[in-house]
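Letters A, B, C and D mark the chains in the order given here, with residues in each chain numbered from 1 onward.
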Amino acid sequence: MRVRYFAWLRSRLNRAEEDVAVPAGVTTLNGLLDHLITLSPGHAAVFADRTILRAAINQVFADLDSAFTPTDEVAFFPPVTGG
Amino acid sequence: MRVRYFAWLRSRLNRAEEDVAVPAGVTTLNGLLDHLITLSPGHAAVFADRTILRAAINQVFADLDSAFTPTDEVAFFPPVTGG
Amino acid sequence: MSGSIASRVQAEPFEPGAELARFTKAAPGAGAIVSFTGLVRGEDHAGRALTAMTLEHYPGMTEAQVHAMTEEAARRWSLLSVLVIHRFGRLEAGAPIVFVATASPHRRAAFEAADFLMDWLKTKAPFWKLEEGAEGAEWVAAKAEDDQAAARWR
Amino acid sequence: MSGSIASRVQAEPFEPGAELARFTKAAPGAGAIVSFTGLVRGEDHAGRALTAMTLEHYPGMTEAQVHAMTEEAARRWSLLSVLVIHRFGRLEAGAPIVFVATASPHRRAAFEAADFLMDWLKTKAPFWKLEEGAEGAEWVAAKAEDDQAAARWR
């Protein structure tokens, strides 16, 4: 599935999005993060502290314990700082 | 001394100001009002309810128990409604 | 710390947009600018059609009171700049009566100072509204809620 | 109840004064109009000189979130009209970032709705600020005070 990154997650991972093969049994964003940190040391570092991560499923804010399906658009980013 | 009136005090008294001969011994706005109500039935009606009267001495808001001198500019008016 | 503190009490109409444009240009360093515009509504306090109103004021005292408020707001919130414009005389329905603008590094100060200025203008500036409707002219009564709002800032 | 609910998320600059002029004209019946303008300050969060900033956003989600906020504000306060403009991309120091305008018969609703919209834009719209100073670019951290401000409106 396609996973999108914004702000310092994007710049530190050096990519705005990537295709991720979601392992069987992974159904929540926390489960997805458990998988992402295995992809590279860079991923492990960026996703190490989940308290500073925010997420959206299909462009709606979602808690990390939210469930998703492989056709959803998932995004991770830091707390927003607009306005 | 010169006494000024605004808003419905002015329109009901039909004058924006008048010269008032302040009796000896009158030193506060309440004392002045005690005198003003003797001037005419119109004055008596306009100044009957002091809870809806506001005043200024030398263009600064003043309570009705404030003291004034004959050289001061005294004004009576209703609560303000600008803004 | 304040840059520009300005107030105008005038019979002439003014344009809120033009005033905000000018105010924004003259507030370098500001991170937040709040403006308030009060307009003559098309109905009176009882909901009847209103064609116009006349604002009576106390010349001299009005200018002093309004300017003192701007200084008080700039002092309480360390504003970069503040502007108050208040009209008097006859105003048609839809016309702007009052304009307040506040500039500050941060938004909380700009919001609070503008809110404060409006509450004080409603209760401490010597203006009186005479509404003109189909049934004649009527002096507007002061509202207890305005006194309560102003009391928040003591 | 609501006249016009509008929001724009755009790279192009805008003029707060021109926006307020247009908004005021399009809000007949309003007694109170509040505007908020947020600008790029000439210094960063640590007080160092700032030349510009870049606002990253989440295309699609941003527009939906911002529009949902305007509808929420119009619903909570029965506004006559509401407008939000938020820029993204590169902005020079002094440039307007965000503009909020609210129109209502009475001032309390206009003030509260504008205040609410800014608190929600700060915490619920997917924008991220990258500040450019003499020492390079740095992502701005979210502020706990913004979360606390937004929590007032629950």
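Following the convention adopted for this analysis, a contact is a pair of C-beta atoms (placed from the backbone, for glycine too) under 8 Å apart; a residue touches a chain by one contact, two chains touch by 3 or more.
The shown structure was predicted, so the numbers you read here are calculated from the model rather than taken from an experiment.
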Length of the line joining the C-alpha centres of chain A and chain B, rounded to whole Å: 73
Where chain A and chain C are represented by their mean Cα positions, the distance between them in whole Å: 49
Where chain B and chain C are represented by their mean Cα positions, the distance between them in whole Å: 27
Per-residue multi-chain contacts in chain D, two or more chains: 38, 118
Chain-level touch network, classified as line, ring, star, complete or other: line
Every chain pair in contact, whichever chains are involved: A-D, B-C, C-D
Complex contacts: residues of chain A adjacent to chain D: 4, 6-8, 10-11, 56, 59-61, 75, 77-83
Interface residues, chain C side, partner chain D - complex: 15-22, 24, 28-42, 94, 96, 105, 107-108, 110-111, 114-115, 118, 149
Partner chain A, residues of chain D touching it in the complex: 38, 55-58, 60-61, 64, 86, 97-98, 118, 121-130, 139-143, 146
